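Consider the two complexes below, in which chain A is the common component and chain B and chain C are the respective partners.
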Partner chain A sequence: MTTTPAAAPTNLRRVPLAKRFLTFTWLTVGLAIAILVFYTFVQPSIVVDTLVTGGMWALLAAGLALVFGVMNIPNFAHGEFFMIGSLTAFFVFSPLQDAMFNDPAGTGLLKIVAPFPGMIAALIVGFAVGAVLEVILFRPLRKRSRDQWVMNTFLLTAGVSVVLINGDRLIFGNDFRGATRYWDVRPISILGTSVSVDRIAVFVIAMVTILLFSAFLLRTRTGRAMRAVAQDEAGAQMAGISLNRIFVLTMGLSCALAALAGASLLWLYPSYPDVGLQPLYLAWYVVILAGLGNVQGAIVGAFIVSLIQTLTVTYVGLDWIDVVPTLFIILILLFKPSGLFGSEVKGVWEQ
Partner chain B sequence: MATVIEETTPSRVEAKSAARRRMTFAAVLIAIAVALPLIPPFNGQDYQRLLVTGALMAAYAVAFDFTAGYIDIVNFGFAAFVGIGAYTSGLLAVDLGISPWIGMVCGALVSGFVGLLTGMLTLRLRGIYAAVMAWFVGLALMGVVRNLPDITRGSLGLSVPLLLNTSDNLPYYYLVLGILLLTLVVLMAVIRSRIGLAFRAIGQNLAAAKASGINPTRFLVINFTLSCAFAGLLGGFYAHYYGILTPDLLATSHTVEVLAVAYIGGRGTLWGPAVIAFPLMVVTGLLQAQLASLPGLELVLYGLLLILVMVFRPTGFAGLVTSAANRIWRPRTDAAETAAPTA
Partner chain C sequence: MLKLTAVEAGYDLLQVLWGVDLHVEEGEFVAILGPNGAGKTTTLRSIAGFVPPIHGSVTFRGKELRGTLPHQVSRIGIGYVSESLNLFPSMSVYENLLVGAYTVKDKSAVAATMDTVFELFPRLLERKDQLAGTLSGGERKMLAIGRGLMPRPSLLLVDEPSLGLAPIPTLATFEALKTLRERGMTILLVEQNVNTTLRIVDRAYVLEQGRVVLEGTGDELLGNTHVQEAYLGI
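Let's look at the complex of A and B:
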């Protein structure tokens, strides 16, 4: 089913350079960049907003794309790991916050590093929960049957989502648990608009994580093994890669990224049972836009979705933030049914 | 799942008796459903209300299973189509004073039409894309309903006239039971027709169906539209039973709830979801009432059941019943055959 119009690089070399970039994908990406450049001069706040939120959606979407790419699982419970991350960060950060509040003088260093334990804890908890899910749910299902795997796991994760949301409600109640801010510092002026340090930190965290993540995927042995599994499971197994290990690692990593996003955005999204819903469908917008399973595409796509969102909020209204991106994505899918970067995705598909 | 074709080719007598057993089974179930609200623990208003929600959920699950179980497209925007029907019917009644009975039919038509458009747009895509696109359409519709407070009153809620001139739950129960049976009969008839054969062919093996000359997109769209139309009809009932509509009706969580019931009941059977919905809704309703201090417990159980079904028993409740029936009425067959449906 996967026809790749311009797949082999040898074919690309024959296509003139100008023509190569005159594709729908590159036009869209180019348009997005042009809009960003335009607004840098006209209304820089749009650019800042796009980059800051885009960074976080990239974290979420990269994890979602990774799990789909490697394990063929369309994770409907991805948002719940966002929730788990923000919950963990809250429980780690709030005692520290109290300590700082009680002793404002003697905690110079703590003020700077206080948010990080929560984020690290979120990473660990997210990884653990993801790994456990792989072991207790996906592995038995994989053993039982791989028929209609994609759809079955989608429904399975829908069940996981219901359990996690309502389990949270059952244990921790319907309360909002958040922090007003991570770093109590004055906003910094960038491109003429004042940006809070939290936002910048979130962007930096997202970028650093994505860089580390890409380096892991591209440079390390384990990352290479992961990509090998994504390309061809049987082949990877023949080369001596333990599938189970890779699956546990992939699921854990993906969930850890989502949890980190939740933890870093604690000041924007206070933790409550279904806080993960919006991040979930945003991440899904991104991966559908970019093409399922394409990690690099997801990172670019995150910024495009974020740009559409920011423009929607500015020109149409906050309420339409869900409606306009949806229409846009439907439009894109009419032209490119497998997503913007779909042609580069590997083709492990049920149908 | 392996396609379980009657591999033993039972004799005509056996097939006839199996058909008779099925009819008896159906008649018993219907008799129970009709008599239930008159039997003591269930004859109070609270229980009858639970039974109404059970029957409504049963009908949702049947309409949902019609797409999910037969053509393998999971309509993640299902609740939105229920919502379209509900809002269409409600708004017609509120703004134009049209009778809810006509409104329900209009709701079904509008919902079916939106389903047709959505289907034409999304069903050319591969399974997971279609599911996710239906979800996006649902999210967009919910956003639209929420953002047009001038028309829909947004999250304040739209008050809608009731269907019957009574607050007694019993007539509503028989009405919704009638709608449930109508849904079941119509959809089962479709499944047994030639169109249904095409649905099953597509659901089991898309490539083979294409090769035998079926135009998949056309049948997928027919199926999707029909399912959405029934969702709209049920939405109309919902609107004029509860008398209040909020955009929350269109939320994804409701779709997931319907999905859970449909899969716990047994995909691709229609009757499984219809039967299991009653006990599920009654038990969860009772749990909700008893354990107000433990919010969300009933949904945790739902989710766990769904997970268990997905991982260990893909045939769900219907599969259990079928294999039990096989064990009772065909005691002499070998073990391999009795195990076949759950394999």
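Let's look at the complex of A and C:
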């Protein structure tokens, strides 16, 4: 963006780099780490909860940030992929669960691997639905006109969200479809708190996925092409990168991550038509906090939001769980409008 | 190798090219000269697929390019170094070059091409891990040309490499283009720096108001009265 004189958004703030970093980003990150370390010794459950939910918000937020960075789409239908993921996982997992009930003496292997087919199915279905949306909705819109793109796609995704929620309601009804637990094992004691295996599994799945996802973006040819498209579409085309192909992949991948989050949290968030709304807002908190389109920032931001949530629940009360993060977001927007890690608004086209 | 016949092109309601005819043969170093707004950049953009011609034809090795998307143009062997360079500012020099080689599957070929680029522009090797957004103007041009070379194109389109550069980096860029040409690269260059350009190219076209008004070898055009009066100030 710096190569084009017309790159307007970069000049919004003229605070010296060093000062900017010292005053806000590192202060916040440092504070977060300090609080974490402090509570490790005082109240370990806060750390455990922060890490478990943070991992899931990271999956959601990373996909949201990716789509905004590469395609400039503020995806307000992202939560519905969470719903699609949990629904898929439910339909794959329940027959397996029934099989385990009917045969309690059955092999231990099934008990260990039973949740995974549902998660893999959620990944695949999420990817497919995301890719289809790109092809049948965003591609025709892009062909027609790119004027007011962010606004138009915002409206489009809000519409998609309504259609998917009500489509779910129409086909599957207003029922909760969940699972009480994935792994029927005793909780494990970590740092003096007992943690269910499901929670640990969720954390491990989130971490492994984020690691693979980051490695994909940073080290592979296709991941590099995605970042190239985010930074300069024309430049990417000059290098022979097909925008359409990258867009399909980006949308599919982002939706697959959201669906995986939904599938992994089936025991906590039973599938319901608008189960995705709360996760959607949280993912947006994270993305705004980290800076729009910044994938790595979103991963760190997810843990910060999760920490704020956990602290709120512990010390203020469950009713305040959405209030405190929102207040925090308002403060961020007032003092650092481009987000904690956003030195510039990445990926937005030069107008 | 490349042939434009009566190409008309423009943006929305503004037509810029009004019938451009030009051709570039294998191994040639050809320049398009002309004042601001004459359509030099639009000519390159219409070859590269960013501004599809309204009328006329663009053929590359006998194949019609009309309707070809920019990334397909790159894949058939036409490298394009745009005026605004279109680098990836948050990627390192090395990564910019790697993305440039996106279409090359063979890793050893990529490494070999990268070595040639570093040999042509030793500065880029020094700055290998630096982010492209932090490079100086001259280094950015080098990187853009380097990235354009990574897919091993047979024809390189270069738009105003001297734009915004001090005299010394400008000369360095021209030297690099000359070296490339000596190694057999076909180059179509757009320039405003008429004097220097005419001394290094084989042939040149003068574009005015969307039409080719003059064409000839570098020496012929240097001796032409119109060129001398309008561009060289003699």
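Note that in this section the second predicted complex is superposed on the first by the 323 of 351 C-alpha atoms of A that agree within 3 Å, B and C clash if a C-alpha of one lies under 4 Å from a C-alpha of the other, contacts with A are read in each partner's own complex, and residues count from 1 in each chain.
Keep this in mind: contacts are C-beta pairs under 8 Å (C-beta built on N, C-alpha and C of every residue); 3 or more make two chains touch, one makes a residue touch a chain.
These numbers come from a predicted model, not from an experiment.
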item	value
Contacts of A:Leu156 with chain B and chain C, given as first, second, both or neither	first
Which of chain B and chain C A:Leu31 touches, first, second, both or neither	neither
Comparing the two partners chain B and chain C, which touches a greater set of residues in chain A	B
Partner chain(s) touched by A:Gln231 [first = chain B, second = chain C, both, neither]	second
Partner chain in contact with A:Ile329 - chain B first, chain C second, else both or neither	first
Touching partner for A:Leu211 - first (chain B), second (chain C), both, neither	neither
Chain A residues contacted in one complex by chain B, in the other by chain C	1
Partner chain A, residues of chain B touching it in the complex	1, 72, 74, 121, 124-129, 131-133, 135-137, 139-140, 142-144, 146-147, 206-207, 252-253, 256, 259-260, 263, 294-297, 299-300, 302-304, 306-307, 310-312, 314
Contacting residues of chain A [partner chain B, same complex]	1, 74, 137, 140-141, 144-145, 147-148, 150-152, 154-156, 158-163, 165-170, 173-174, 273-274, 277, 281, 284-285, 288, 292, 317, 319-323, 326-327, 329-330, 333-334, 337-338, 349-351
Chain C residues within the chain A interface of the complex	48-50, 69-71, 74-75, 79-82, 84-91, 95, 98-103, 133, 140, 147-148, 150-151
Complex contacts: residues of chain A adjacent to chain C	1-4, 221, 224-225, 227-228, 231-232, 234-243, 346
